[in-house]
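A short write-up of the structure that comes next.
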Amino acid sequence: MYCLGRDGCLKEACGVLAVCDPQGGAACVLRQALPALQHRGEESAGIAVADSSGAITRRRGLGLIPQALPTSLIQSLPGEMAIGHTRYSTSGHCPRVEDAQPLLSTGHFGTTAIAHNGNLTNATDLRNGLIEAGFTFESAVDSEVIAHLINLSEASSFTDALVEALGQVEGSYCLVVLNSDAGLFCVRDQYGVCPLVIGWTKRMEQIVVASESCAFSELPRPVHDWREVEPGELIHIYPGGFESIYLFNSSPRRSCIFQLIYFARPDSFVFGVPVGDFRRRCGIELAKQLPAECCLGEVAPIPNSGLAFGYGLAEGLNCPVRLVYSRNQYYGGRAFMSPEVGRRSDIAGKKIFVDPCAVRGRRLILADDSIVRGSTISKDIASVRRHNPEAVWVAIGSPPVVAPCFWGVDFSTSEELIATQCHGDLAESTIEAIRQRIGADRLYYLPLEALKKAAGDPLGERFCYQCFTGDPAGLPVPTDMVVYQKSVAKHL
Amino acid sequence: MYCLGRDGCLKEACGVLAVCDPQGGAACVLRQALPALQHRGEESAGIAVADSSGAITRRRGLGLIPQALPTSLIQSLPGEMAIGHTRYSTSGHCPRVEDAQPLLSTGHFGTTAIAHNGNLTNATDLRNGLIEAGFTFESAVDSEVIAHLINLSEASSFTDALVEALGQVEGSYCLVVLNSDAGLFCVRDQYGVCPLVIGWTKRMEQIVVASESCAFSELPRPVHDWREVEPGELIHIYPGGFESIYLFNSSPRRSCIFQLIYFARPDSFVFGVPVGDFRRRCGIELAKQLPAECCLGEVAPIPNSGLAFGYGLAEGLNCPVRLVYSRNQYYGGRAFMSPEVGRRSDIAGKKIFVDPCAVRGRRLILADDSIVRGSTISKDIASVRRHNPEAVWVAIGSPPVVAPCFWGVDFSTSEELIATQCHGDLAESTIEAIRQRIGADRLYYLPLEALKKAAGDPLGERFCYQCFTGDPAGLPVPTDMVVYQKSVAKHL
Amino acid sequence: MYCLGRDGCLKEACGVLAVCDPQGGAACVLRQALPALQHRGEESAGIAVADSSGAITRRRGLGLIPQALPTSLIQSLPGEMAIGHTRYSTSGHCPRVEDAQPLLSTGHFGTTAIAHNGNLTNATDLRNGLIEAGFTFESAVDSEVIAHLINLSEASSFTDALVEALGQVEGSYCLVVLNSDAGLFCVRDQYGVCPLVIGWTKRMEQIVVASESCAFSELPRPVHDWREVEPGELIHIYPGGFESIYLFNSSPRRSCIFQLIYFARPDSFVFGVPVGDFRRRCGIELAKQLPAECCLGEVAPIPNSGLAFGYGLAEGLNCPVRLVYSRNQYYGGRAFMSPEVGRRSDIAGKKIFVDPCAVRGRRLILADDSIVRGSTISKDIASVRRHNPEAVWVAIGSPPVVAPCFWGVDFSTSEELIATQCHGDLAESTIEAIRQRIGADRLYYLPLEALKKAAGDPLGERFCYQCFTGDPAGLPVPTDMVVYQKSVAKHL
Amino acid sequence: MYCLGRDGCLKEACGVLAVCDPQGGAACVLRQALPALQHRGEESAGIAVADSSGAITRRRGLGLIPQALPTSLIQSLPGEMAIGHTRYSTSGHCPRVEDAQPLLSTGHFGTTAIAHNGNLTNATDLRNGLIEAGFTFESAVDSEVIAHLINLSEASSFTDALVEALGQVEGSYCLVVLNSDAGLFCVRDQYGVCPLVIGWTKRMEQIVVASESCAFSELPRPVHDWREVEPGELIHIYPGGFESIYLFNSSPRRSCIFQLIYFARPDSFVFGVPVGDFRRRCGIELAKQLPAECCLGEVAPIPNSGLAFGYGLAEGLNCPVRLVYSRNQYYGGRAFMSPEVGRRSDIAGKKIFVDPCAVRGRRLILADDSIVRGSTISKDIASVRRHNPEAVWVAIGSPPVVAPCFWGVDFSTSEELIATQCHGDLAESTIEAIRQRIGADRLYYLPLEALKKAAGDPLGERFCYQCFTGDPAGLPVPTDMVVYQKSVAKHL
């Protein structure tokens, strides 16, 4: 989550959800399933509901879902169609309700609510163009650009205006859109960068669109079947069914591998891949690469992201798993968030605690999914060092992150990446420099080829690996990032 | 947590904490460390602070610590000595602020704050006697009985009055007591049923008493050393030091084994035993008892209580650990708790979710620490059955619970125990009946002898195993429980 | 509202209310009528309800009634009998929930809730005696003394125990009492210091006891009839009726004249006197005493307490009323009171504002009910002086207050009274000194004889005028106040 | 406050405020003075502050000022310039934060905050035109139209763009505008419909613009001088001074007489007229018209709006004022407003209460400022009838309201006016029909000519009397109101 610069436009990594329920319970169904996407955004949450007349009511708020969207507020909102959103927490930016989604606007085609996951790479240009043309912005989020483009269109129908608007944006996006006249839509960019799935109950009585399939587990009625929304597919959902338009000629698929490594919940299918199983396979792949004496250690998975990977690593090494790190179960809500100001203030204790007895005199293999800035793993290592382990080895379930991302995830600028600070490539010397920096006795990364294997993509054709390689491989790059991009390239 | 009957007197399982800081920061130190005892009580929390004049201020509230004791309320409370409390959640009883501790009362010896963990087995008799003598009760907690006994005493000093009061109570207790004139005390019953430790920084600049040693990890300054408060030891703490009185002739030690199995945090030492390591050893012991084909399964630990045990079991069986169950990290605060009424209302999603891909076609060995009523494990089994495992075996890190507890933990009446419902003993037939009831394909309990071995107590002399045997082994039994007790005995 | 000294025991001026409704709606009826007593206590409010089994539930909170007792909390409390209380705001004392009434305690006679208006003159002695006897106090309010005395009694019935307890207390009191076994009671001290009325709907379907008759106007069903509770009368209320016991031989009636002058709402009957009309008559009486040129002025009543008096004064003088002072209608709730900490913080503007145009060049006669400390009238005068009036004359609807009160109202110690500071009697020189102190051009007080006439008590036999005379006229005086009393007497 | 129809555009009657304080305390000064405008809008409040870099931060919320803008939120906002707004409560419309002002938008000329009092008569047309041109609306308030017009302008400076935008809007407006580059502005429409004043401390160290002069009384430092902002005057305010542009050729002045009659606070000067004094003069004027026997009655002013008028009436009739109606001082904050949802729920008692003793057997002359729908006066009459007065006469300080207003105040449609329902003119028969409807024994209105005299406008050239006559007298009328207008005209 970082600022592209002068215009206050933010990158986002969020969760989107949509429900069509002709029985009028769309808001309640959505509110019940939305917590399954809480891990994709903790800063704010929102919902927009269309009643049978098409009138749209929105509720949004700062904080976790129970605070932002009290169920008492939602139960009184009957409606056949609803969309919802969870927004990721930013650092160094005071959250504003104005930026919480869905955005709601009234224009040419009635009232439209939009919720968005992804990053438009030409948002800054479009925004500046619109401002020069006399347009007005209330928020700092990409969705408002799309709303303006829709309302600007002279197309004869909302659907055509939406298609026209999407023709102008570049980058990654998964959108759910609710229009007072035209109804419910979802759409995914042509590269399939971000995840989006659609499921339905028997006889399509309820239809649900979500960022991850885990949302289907929280529904009041089980889904009968589900599939991915295809890259470039625009789906119009109506009571009892849906129909698709394919917006683009075939593009290369470039789904974000980092969704599998870190973002998604382990019980989700994402891009057709079962997430927990993928992480376990990463662990098994890494085990194959490690020196034999590693099986004399004990794997200490760092919860929650390192669990599946650590279990796979222990399986591959045939060595025990050890409960070194426990996650504070009261910390999830990040301490109490005051409803009036949305500030996080009160002490709920440490996020992770360490069992001294599981450390003393042992050869630990800390297992985590990835290293981005290096600050978390450094603290995790320091907190076990205090209790005198024999050795602290670190095993990471992905390659070094060497380039910032322009499409999906919340990477800091290249300068903030520990790998870039330590040379910026995949070479031995970089890894050695990182090892010293974080204070580990040994440091192992999963090689890129092994990652591709674990992802079932040996040819590297389905996923975007740019953060590990610096190569966008066909994805559009923001214009003001080109210089930046080149400086990354020089390292490689 | 259940009602002893006609008088509204409740059993409790709580956390207590005390801090002596001559620099005047006792309240802040205590508030910072109290979250380490949150797992011992989620219903309410409280603090009482004595300033340099002895004047005592109390704050208490319903809910988790950040709600019940906002740091802003605490920072303005200077004082050299403070005590704190977390109270366990009861079922079927609407929490009342009146029952939150510390209790505060004014009498003969000035103002006294008391916080209590344990269960007085003669509380009902004492309470009834006091009421008949014309005394008045404001709460339903044992501490108020003790407060009355202190104020009734004709002893010449507070310390003598406290000793006199403790001479009249029976059962288990760990108390921290703060008196406006006499200062800070802690005391543990003669059997050592509940845990209590005392630690200090260098030169005894800060002295801290806590239910579990994990509280020492949250202190702003590290403890220099610490030890258990001995059974029957009354400690008077003053700035820069403390001194002990031993209240009783030697009694048998009867520390509650269930604190190790379930209640304590894995990074604590409790009764001198490192908790996480104990649980791992239980897993290794059980593995020795299992049939050989179990090593073809995969261990699915049920978070959080089954983790250490499950890892030990996998180590003993030499089989993989599998991320089947994930704990919802947003659930810890049990959804948003409304500050005004303390009710738990809003939806934060499921507490535990299951990865379908880790289940389908596999032979799972679910690992958990214990089965009490059987309702939780039944749900956990049902939630994996939905995804078509090959087999669901269940391994439990302790023996069947066959008798209710009168001293420490929150067991329902004998009738509610699944083991009692299924015959009430440790016999094969009981276990088979439980297996059918919970829906497992196989069910393995840790035998009692193996448990004793894991606890380093092969002769069964240090711990109370009454909940597994029905034998109180010298601990006092509530008078109104005697009939009850006999009916349990008949099963054995 | 002031502290009697070493023991933390507070004086109180409060509102009490009780409802008997066999249809089970007692809590709702009470909650609806309680705001009519809000002016008698703004610091806290509480309610206790007995359901059909006798079980008593209490709710209490800090702040105004809507905050302290949200209707959502009350609607879920079915019950046939309920009592309620509003507590007066103290200065220099941080409000504590512990001191909010009704108090609730469990003892010999089951559970008892007590709410109290008045002041026990021997509360300190009783309290100290109880503490020495080993009793314990949780609050600083008189009701807890009464609760202890009831529970201490060896009488065979609750009613007898209540009578016995009342035999031991001295001073003024109006109590409403709810006992889990014996039901609902109200009682008034033998002198009738504080007001209490009882009313009923047709066929006594609902029976309501209240501090002032204005509460009857807020009932969902109108009262059919009502009367004063007599001095010394103990009433036992049951579904469909009530019966009385007279506790004392005849005493002189000593109702507090200050309730009529200041405390009561103008639409109440208090001690059989219509309050608003009494105040108007005070104005007419004062007009008779004023020099003739006063009718060239314009009366500026200070809202709200000076309105009725000012209108009467203008009527008597035959001169106009002028809207000089307006009360800020948004100030009533004294700015927003944060529900979590009960502190009054946020700015809602000034309590009273002045119209400059109604002041400039005019001869104003400010009209108010009384002067106690003199700080309010000084500010009111200063705020009109700013706008250049020709003259500021002040007319007060009662005599100078020269002695503190031990029974009913919140007077500061004698030292804080402006009259005492300015000599302490009714003489000309005292009034001249006060005039200079407050900055008025002229100052007129209502003479004592004129006050008696307005109150329909020409012989001075029905009301207590001690605050104007220093003569308790038979009312018991606190033992630790005797010295004090003498020093007042010397001035007279 | 009513809906103009198909487009959701609302009429508004609000308070605006602006502060320039080069010392950086603009937000605090503004927050302190804003409560003086609370009576102009109770639905929501907001503030926007520009810091020294021009960056604008906005806070807004539903409810009264203490809830909507807690001082803790404001104190942390340093800035040299600030604008604020209070918004009037609507009926039948659920308040939305989106419609709270100031509106904030980013466009061509940086970020702009706008707060608005008044009504654009061509807002619907402009809005529809903008929507057809592809523009997007987030709120339902007129200010957003103005924001769009500014951003659409191709002018070279913000000031020119603002002037250009104002050239396109018709109707009434008082605006305060804060732009990140160009600074602070205020402007008033050419007819001077709504009130606006500008004041300054010595050496213009602080400059304040407000809807009413009463805001100057709440400033931390007193104003040195002040004047009206002239109709058609655009003022640019900078640290230490301001300068004016006059936007229009001379128009007739058409200030809203209803601001004087009802809206403004009695201590304000509005349109150069002292409000309280004006109302008193209305009372004296009406007294002259009444039959002689009226002086045998007693005037019962209905608080708060009828007080000054009633006092004048009693002065004119030479009869007493009587405290019949008292305003509940705890009602101002309209009961507790829940911070989370902004709904008004909890019971604080009745808004106005009646003293039965002041009613029984008396000949009352109820005095109020105006009758619009007739529902309030009907209730007030019914509440005294209950207590058996001899007669209930009603005296109203303005003529019958016969036409809805398109520029300033919150009149319902013509159909909802009681006068329209009862024939729709000023004739005797209309008044007789109203009298019967409201249940009065007699009903007197102030004749139009007497009103003009009291307002110092005998020729009817300075004020708009359209609501009493149906004649807009030169003010622009909304296009979709023309038909409507004609139907009103027919009655006259």
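All chains are identified by letter, namely A, B, C and D, in their written order; residue positions are counted from 1 within each chain.
Everything below uses one rule, namely that a contact is a pair of C-beta atoms (placed from the backbone, for glycine too) under 8 Å apart; a residue touches a chain by one contact, two chains touch by 3 or more.
The structure displayed is predicted, hence computed values, not measured ones.
Peer 1: Given the touch definition stated above, what is the smallest step count connecting chain B to chain D?
Peer 2: Minimal hop count between chain B and chain D: 2.
Peer 1: Do chain A and chain B, two copies of one chain sequence, contact each other through the same residue numbers, with over half in common, or through different ones?
Peer 2: Chain A and chain B contact each other through largely matching residue numbers.
Peer 1: From the centre of chain B, which other chain's Cα mean sits the farthest off?
Peer 2: In terms of C-alpha centroids, the chain at the greatest distance from chain B is D.
Peer 1: Write the angle of the rotation needed to overlay chain B on chain C, where the fit uses Cα atoms and the result is rounded to the nearest 5°.
Peer 2: Rounded to 5 degrees, the superposing rotation is 180 degrees.
Peer 1: Which whole number of Å gives the spacing of the CA centres of chain A and chain D?
Peer 2: Taking the mean C-alpha position of each chain, the two centres sit 49 Å apart.
Peer 1: Roughly how far is chain C from chain D, going centre to centre by Cα mean, in whole Å?
Peer 2: Inter-chain centre distance comes to 39 Å.
Peer 1: Among all residues of chain A, which ones touch two or more of the remaining chains?
Peer 2: In chain A, the residues touching two or more other chains are 70, 72.
Peer 1: Judged by the touch rule stated earlier, which pairs of chains are there in contact?
Peer 2: A-B, A-D, B-C, C-D
Peer 1: Hey, which residues of chain A end up touching chain D in the complex?
Peer 2: Listed in rising order, the residues of chain A that touch chain D are 8, 70, 72-73, 97-98, 104-108, 131-132, 134-138, 147-148, 151-154, 339-341.
Peer 1: Touching residues of chain C toward chain D in the complex: what are they?
Peer 2: It comes out as residues 31-32, 35-36, 38-39, 64-67, 70-72, 214, 217-218, 265-267, 269, 274-277, 279-280, 304, 307-308, 311, 314-315, 318, 320-323, 326-333, 335-336, 345-350, 353-358.
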